[in-house]
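Structure record follows, encoded as structure tokens.
Labels run A, B, C, D, E, F, G and H following the written order; every chain starts at residue 1.
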Amino acid sequence: MIKSKQNQVFVMTEWCKGCRFCIEFCPQHLLYESDETNSKGYHIVRMDDNGNCIGCEMCSMVCPEFAIHVVTADEEPEKGEG
Amino acid sequence: MNVLAVTDEAREKHPLEDYLRVDRLPHIWCPGCGLGTILGAFLRGLLKSGLTPDKVAVVSGIGCTGRVAGYIKLDSFHTTHGRAIAFATGLKLAKPELKVVVFSGDGDLAAIGGNHLIHAGRRNIDMTVLCVNNFNYGMTGGQFGPTTPETARSTTSRAGNIENPFNMSALAAASGATYVARWTAAQIHQMEKSIIEALLKKGFSFVEIISPCPTYYGRMNRLPTGLDQMRYYRSNSVVRHGANPNEVGAGTNGQIVTGKFIDIERPYLPGPRDGENGG
Amino acid sequence: MSDREHLEGEHFMSGDEACSEGAISAGCRFFAGYPITPATEIAERMSDRLPEVGGTYVQMEDELGSMAAVLGASWGDAKAMTATSGPGFSLMMENIGLGVMLETPCVVVNVQRAGPSTGLPTMVGQGDMMQARWGSHGCYSIIAISPDSVQEVFDLMIKAFNLAERFRLPVLVMMDGAVGHMYEKVVIPPLDKIHLVTRRRPDVPPGEYWPYMPDEDLIPPMANTGEGYRFHVTGLTHDERGYPAMDPEAQDKLVRRLVEKVERHRDEIIELEEDGTDDAEVVVCAYGITARVATIAVERARREGTRVGLLRLITVWPFPEDKIKSLARQVKAFVVPEINYGQISLEVERSVAGMARLALVPHMGGDVHNPATILEAIRQVIK
Amino acid sequence: MADKHEIRLCGFGGQGIILAGYIIGQAAAVYERVNAVFTQDYGPEARGGACRADVIISEEPVHYPYIDTPSVLVIMSQAAYDKYFPGISDDTLVIIDEDLVTPSDTGGHHVLKVPANRLAEELGRVTVTNVVMLGFLTAATDVLSADAVKKSILASVPEGTEDLNLNAFEKGFEYAKATVS
Amino acid sequence: MSDREHLEGEHFMSGDEACSEGAISAGCRFFAGYPITPATEIAERMSDRLPEVGGTYVQMEDELGSMAAVLGASWGDAKAMTATSGPGFSLMMENIGLGVMLETPCVVVNVQRAGPSTGLPTMVGQGDMMQARWGSHGCYSIIAISPDSVQEVFDLMIKAFNLAERFRLPVLVMMDGAVGHMYEKVVIPPLDKIHLVTRRRPDVPPGEYWPYMPDEDLIPPMANTGEGYRFHVTGLTHDERGYPAMDPEAQDKLVRRLVEKVERHRDEIIELEEDGTDDAEVVVCAYGITARVATIAVERARREGTRVGLLRLITVWPFPEDKIKSLARQVKAFVVPEINYGQISLEVERSVAGMARLALVPHMGGDVHNPATILEAIRQVIK
Amino acid sequence: MNVLAVTDEAREKHPLEDYLRVDRLPHIWCPGCGLGTILGAFLRGLLKSGLTPDKVAVVSGIGCTGRVAGYIKLDSFHTTHGRAIAFATGLKLAKPELKVVVFSGDGDLAAIGGNHLIHAGRRNIDMTVLCVNNFNYGMTGGQFGPTTPETARSTTSRAGNIENPFNMSALAAASGATYVARWTAAQIHQMEKSIIEALLKKGFSFVEIISPCPTYYGRMNRLPTGLDQMRYYRSNSVVRHGANPNEVGAGTNGQIVTGKFIDIERPYLPGPRDGENGG
Amino acid sequence: MIKSKQNQVFVMTEWCKGCRFCIEFCPQHLLYESDETNSKGYHIVRMDDNGNCIGCEMCSMVCPEFAIHVVTADEEPEKGEG
Amino acid sequence: MADKHEIRLCGFGGQGIILAGYIIGQAAAVYERVNAVFTQDYGPEARGGACRADVIISEEPVHYPYIDTPSVLVIMSQAAYDKYFPGISDDTLVIIDEDLVTPSDTGGHHVLKVPANRLAEELGRVTVTNVVMLGFLTAATDVLSADAVKKSILASVPEGTEDLNLNAFEKGFEYAKATVS
């Protein structure tokens, strides 16, 4: 996990089943299906680093696998380690 | 720059994690199935509703949807096919302080469980029913059921369904439900909001949620992926609060009218006095 | 406590009424049912009595719903019951199985009438005895008891609730229409003289609680709904956490325990009544109303000089096969009258294992045996 | 009181036969504190079918709860007469409602007669015929004390009908005292 | 007749599929059911096939309705069936009882999975064997058969329909999930090589027809609906006219006949397979998939020099107790493996009546026995 | 001068005698019960309908009403409680040439049998359902059921029913029935006419007939005789053809709206093509 | 049975249960409950001989016991015996 | 052809493992006219769970229908490899899809590798991976004739996909011929 003051989007790769719902529902069109596969062979979703995540959490809400979630910059708690 | 963290073990906690049996994830549902999405909406709605989660019990029947009970970290019951509402009726009447939620599938609630549905509606039992309508019996491999649109194909209607389907929202309303709403799994925010309203309703509240079943219904009816179905629902649903549910059926060959159809008051059971009995 | 809460004293009532009063004295506070002859009077009395004691009566749309509601209510912390007769009993079978699988304490009363099918609704039968044991799919054990007098109906209802709470399963009270509709005196003792078993509760905090982690006696403590345990229970094969476990190992562990938690406590569960079996050459084995009818035959046979004992099964399931076996070593023959074509007699036959002769005295039902028929069977079997 | 009484009341549904049986049984079991078993038999009809109430009263525990040959037989319909009269023994005390039953051939058996139905009508309520009969039965036999039966009646009839029922009992009781030697 | 009407020839299919094809070859033209694993494939194939042969497939709202519809269809002159698994079987029990009482020919297939309750839906069990016999309230007899290969599923479906028509009752085909989901070759003979039993029709004019006046073999001819017979049939106890008869005499006559029409024809009904039982010192008694698993153990035991026979129950009910008894006189011991805690083994025990030793080899289900366990039981029992 | 002949054996033949099992009369129903009256109306309607009686089959469930099957001299089936419609569905689908009539009680059809009722309505199975609504379970001794009016007393609601009742006509209509009518047993001619219409309807036709049960419902609710109830129905019923059944419930504390509520066309099963299959 | 050219009303006395429906529904008010009882004790319905029966058959149609029926003068078949 | 073959195919749901097993079984039973039993095992998931197809082919009747130790093991996922590889015998012929499985430690056991998934992708349809594998299996073993398997494929695949599937078969078949000595 890379610490940042921006919105962070986390993907549990082993839970993702590559349904592409998050991709479809992201209003910023930031997400895409990567070539990487997880141990079940599903293509894992990835994020375009250059886009502007608005922290709307649509990706997280629509994800049927609880595989993606967002920590927005303002709610990022203080943590000891990076 | 956004950060996408691909995590595995030392990951950030998912905001719903306290209410999910994380040790059972990933769940058994197919890629592109809408059930996980709906489960998320329920949990968010529950947390926002202000109800005390420990006083909320979830009862499911059997089916893909019925499996939700096993993923929710609340007191949860995975009962028999069709009997979730009856089980929940006993639970609620015996312990009125609980908020009882039935979370099950269209087959479970409208095929084998149809009688309990209409009678719970008639009695106006104070409970919330979340019915995931995927237009078929997913768990047993995609047979048609009482919500399958006419002419739709299924593993037991390869030539097209010849039966007229139920409009579940209309049936619930006709039976006496005091809160009735229909959404698709693609209507993330409305679905969540409606779930909150239903949870807070005193009386029998019924929320029908139309959901993709890509593996069977979708594949056999020209919407082969969950994404196809989600897109279809997104672009074909309209919101018409207060619509007469009798006049707005649901299917996959035309507009899907969604919204809050019914929100009325009627005496419910167990009534306030029953709650005080506490014998 | 108001007078109506516990009807201490002497009453003249029917078996059905005593069933309700016994339940209430046992702490039953929830009844879900659907009327059916000859069990309707239980529902009727419960509908009057439960509100008086702060309980809930609900009449469901059918017996499927009734049984499911009883399970729900039990998980809602109520001692809960239903009452029915053959056709309704058949409909309850699927959810009796769920009760077994979820290990849900509750009591199911079957006031037996003559079947099969609608049969003779107002008339006595004892044809559901094997169904009590085998009526739901899959393998499991069950407890079934059978009263023969109105007082015993009252007493056994208390026992039934106690067994249900103790062993966490549906306990079946296999009455028959004759006992259910018969009136006799019932003495209801003061409440503090009635021994009640309460549900064993978890003694670990919610986070550590596994709903199916048994104690040494194979019975897991049961948490209340709504108290933060956040348990999950399922009719699927499950592990100790209550999680579905789709493998033969979990199946083996679970189903064996479900069976053995009963079998291992046979001595604690089984209750029998013996009269003159010590030196008997013939033992009449019967239960319910038939045991009372048999007394006449036994008396008459004794007057004829035959040493006849009467073994009355109060507990029918688990079947007291050890008792039968030990008697079989001693007696010449067993006579088994029952109001069916032969059900419990098959278990007697199995237990006897060839060590003694056996006379079935089947009777199809509608009324009780003519005692002379039983007497005749006694005479024949020792010839 | 003799050791054991086997009382059968018979007629048709709606005559209060079952209630009468219950009152007798309760009188014995609760108010006389002896053993009593009361069983019933009726057809599929809710109203108007044949019906029968059997009460066994005994100092000893009653194992076998059925009556083979009644010691007392109370008959309140012709059909019941035809059915049950042939099953009596020489010792059976037979009581009939003379308005409802015309005993064809009693074979010399002495039969007590009471116009219970008529006496009830005189009280303005034909529904208490059964209680009139109870009064008669109590007086004409040594089965139960009047006191016990009256207590049992009071414990069994709907509120507000106590006096009516006690009057009915007395009427039957007196009729027996006056007519039965 | 089109090609699709009768699929003569060789096919590679599952037990479930063979079940449907067997039914269609037997003349089945009506299926009412409700999907359930592992029986769903029967419904699915029937939904495809029945329209091709001019039959009717209806998916009812539940198993209660399915069973009732099957009875209705049978009275509507169709050879009719349903297929289910444990939970649905439990729900069918009340109307199986009605089928018995109305003497309605039909076939009920139970593809057994591991129970109790929802259990292991996709995995094998044999835990409903006693339920098949005793699952409905009241006393009656039933016929239940159990195939062990896909070909035999096909063959036994024809037998099942023939027995149903011959004896006028619901015939239960107690498959197990292993056989249902296993694929093997099936040879479907030409239609004219298949022996089909047709319903015995009244040979009296309508006015003289009494629907329950049995012939000498205790079986009454059955009239068609809609042909002027104006019959009445009821689940109440009835007389020969079909009229309700609320008395013990009618009950005695009717229920005895319902039981005895099966019992008296045991020889005609019962089908068994024996391998090496002639000179056996141990007999392994098994049915369904377990019989096939047992063959390995038997072979190995023979290689060790033990004289082991295999008795395969094709007919399970009525139970072949005479056969067991006669073997019991000859052998040292029986070994009974089954995928449950012990069901049919109880019947074996009863029949053996102490004449031979008995080793149960229970297995809770989810998979089949390890053959080594059966072998070990064989070794132990002759020690 | 009129002639009243009191006959016994050598009597004139009752006009319905050919369609009654006279050898079973008098029937078991109570004095003042409406069932015999309704049975008469059915038989007259059947005879006037022009249907061939031998091609008509009657299916009943269990209850006082369920006993009709035993008195009608047609092919008749007295099945199990609640399953009459399901049994009839099988019978009809297997033999489409039959006219299948289900004749049963409110409890049988709306309590335990509710699921089959709504699904048969949904499928629009071509059959006629005559439902005798006496507001309680007569056969088992007068318990309340799903049609018992609120506050009404019964042997299991001595303090008054706390449940909301079903409006059976509305439920049938909501489920999909294409002919729905309600009458009271006192409306002799209308009831008969409606039965004829229902019998001739292609599709699922449902006639609710409100009937006295003096022994239980009447006695416990201030209408102690059958005559009291018949009078009540006579003077409190109004005819409103085409009324929306949802808006016109039925009970014994106010006006009873009767009439033909629904008469529409929809595809039914078995469809004409199914009838031709005849395999 | 008394032959006549008028409407004839027949009562099966053993079937009548005295419910009085026929009495209530007869538009001519011709029927009444008599003192006679049948073997079950029910008071049998009787007819006022002086009224004018219009042959409407309401009595027959409403009777739940099939205990009363009407043969109107015009449908009376020719019969050999009176 | 040897007397008895015990073929296990394993992977996850959706890969067509079950269909492949069926095709093999049918080829043997119907087109080679020997005995064959095909059994399956899968989890509760409709998609994506572990899944296994076992086919026993034999000249003799097959009583015991299960495989203890496969003579041929075809592995199409890493999870399946981890689960089933340890259960092989020295004689087991192991075939893996080299794109989907990385054999960790074969303990010296020779493993045949085929890029079935990739070959299928080359045909434009990853869904025919299973048929590619069938082709490979047929060529690499003496279990079945190519003719029988092809007939069985044609009898089992959806109309319109015959050519695609035959191509897939050939592709696998040729790959084996080219690589397996």
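Operating definition for what follows: a contact is a pair of C-beta atoms (placed from the backbone, for glycine too) under 8 Å apart; a residue touches a chain by one contact, two chains touch by 3 or more.
All figures in this text were calculated on a predicted structure; none of them were measured in a lab.
J.: In the chain contact graph, what is the shortest path length, in steps, from chain D to chain H?
T.: The fewest steps needed to get from chain D to chain H is 2.
J.: Any idea whether C-D or F-G has more C-beta pairs in contact?
T.: Per the contact counts, F-G leads.
J.: Can you give the whole-Å distance between the Cα centres of chain B and chain D?
T.: Roughly 62 Å, centre to centre.
J.: Chain A to chain H: how many Å between their CA centres?
T.: The answer is 37 Å.
J.: Could you put a whole-Å number on the gap between the CA centroids of chain A and chain E?
T.: Chain centroid spacing, chain A to chain E, equals 55 Å.
J.: Could you list which residues of chain H touch at least two other chains?
T.: In chain H, residues 43-44, 48 touch at least two other chains, as defined above.
J.: Would you please write down the residue numbers of chain E that are in contact with two or more other chains?
T.: 51, 61-62, 64, 87, 94, 97-98, 102, 117-118, 121-122, 234-236, 244, 246
J.: If you look at chain G, which of its residues touch at least two other chains?
T.: 17, 42
J.: Enumerate the contact residues on chain B facing chain E in the complex.
T.: Against chain E, the touching part of chain B is residues 62, 78, 80-82, 111-112, 114, 137, 139-141, 143-146, 155-159.
J.: List the residues on chain C that touch chain F in their complex, please.
T.: 34-37, 40, 43-44, 47-48, 51, 57, 59, 61-63, 87, 117-118
J.: Residue numbers of chain D touching chain G in their complex, please.
T.: So the residues of chain D touching chain G come out as 12, 48, 77-79, 100.
J.: Write out the stretch or stretches of chain H touching chain B in their complex.
T.: Its residues touching chain B are 43-49.
J.: What does chain F use to touch chain G in their complex?
T.: On the chain F side, the touching residues are 1-8, 10-12, 14-17, 20, 25-27, 29-37, 39-41, 44, 188, 192, 225-227, 230-231.
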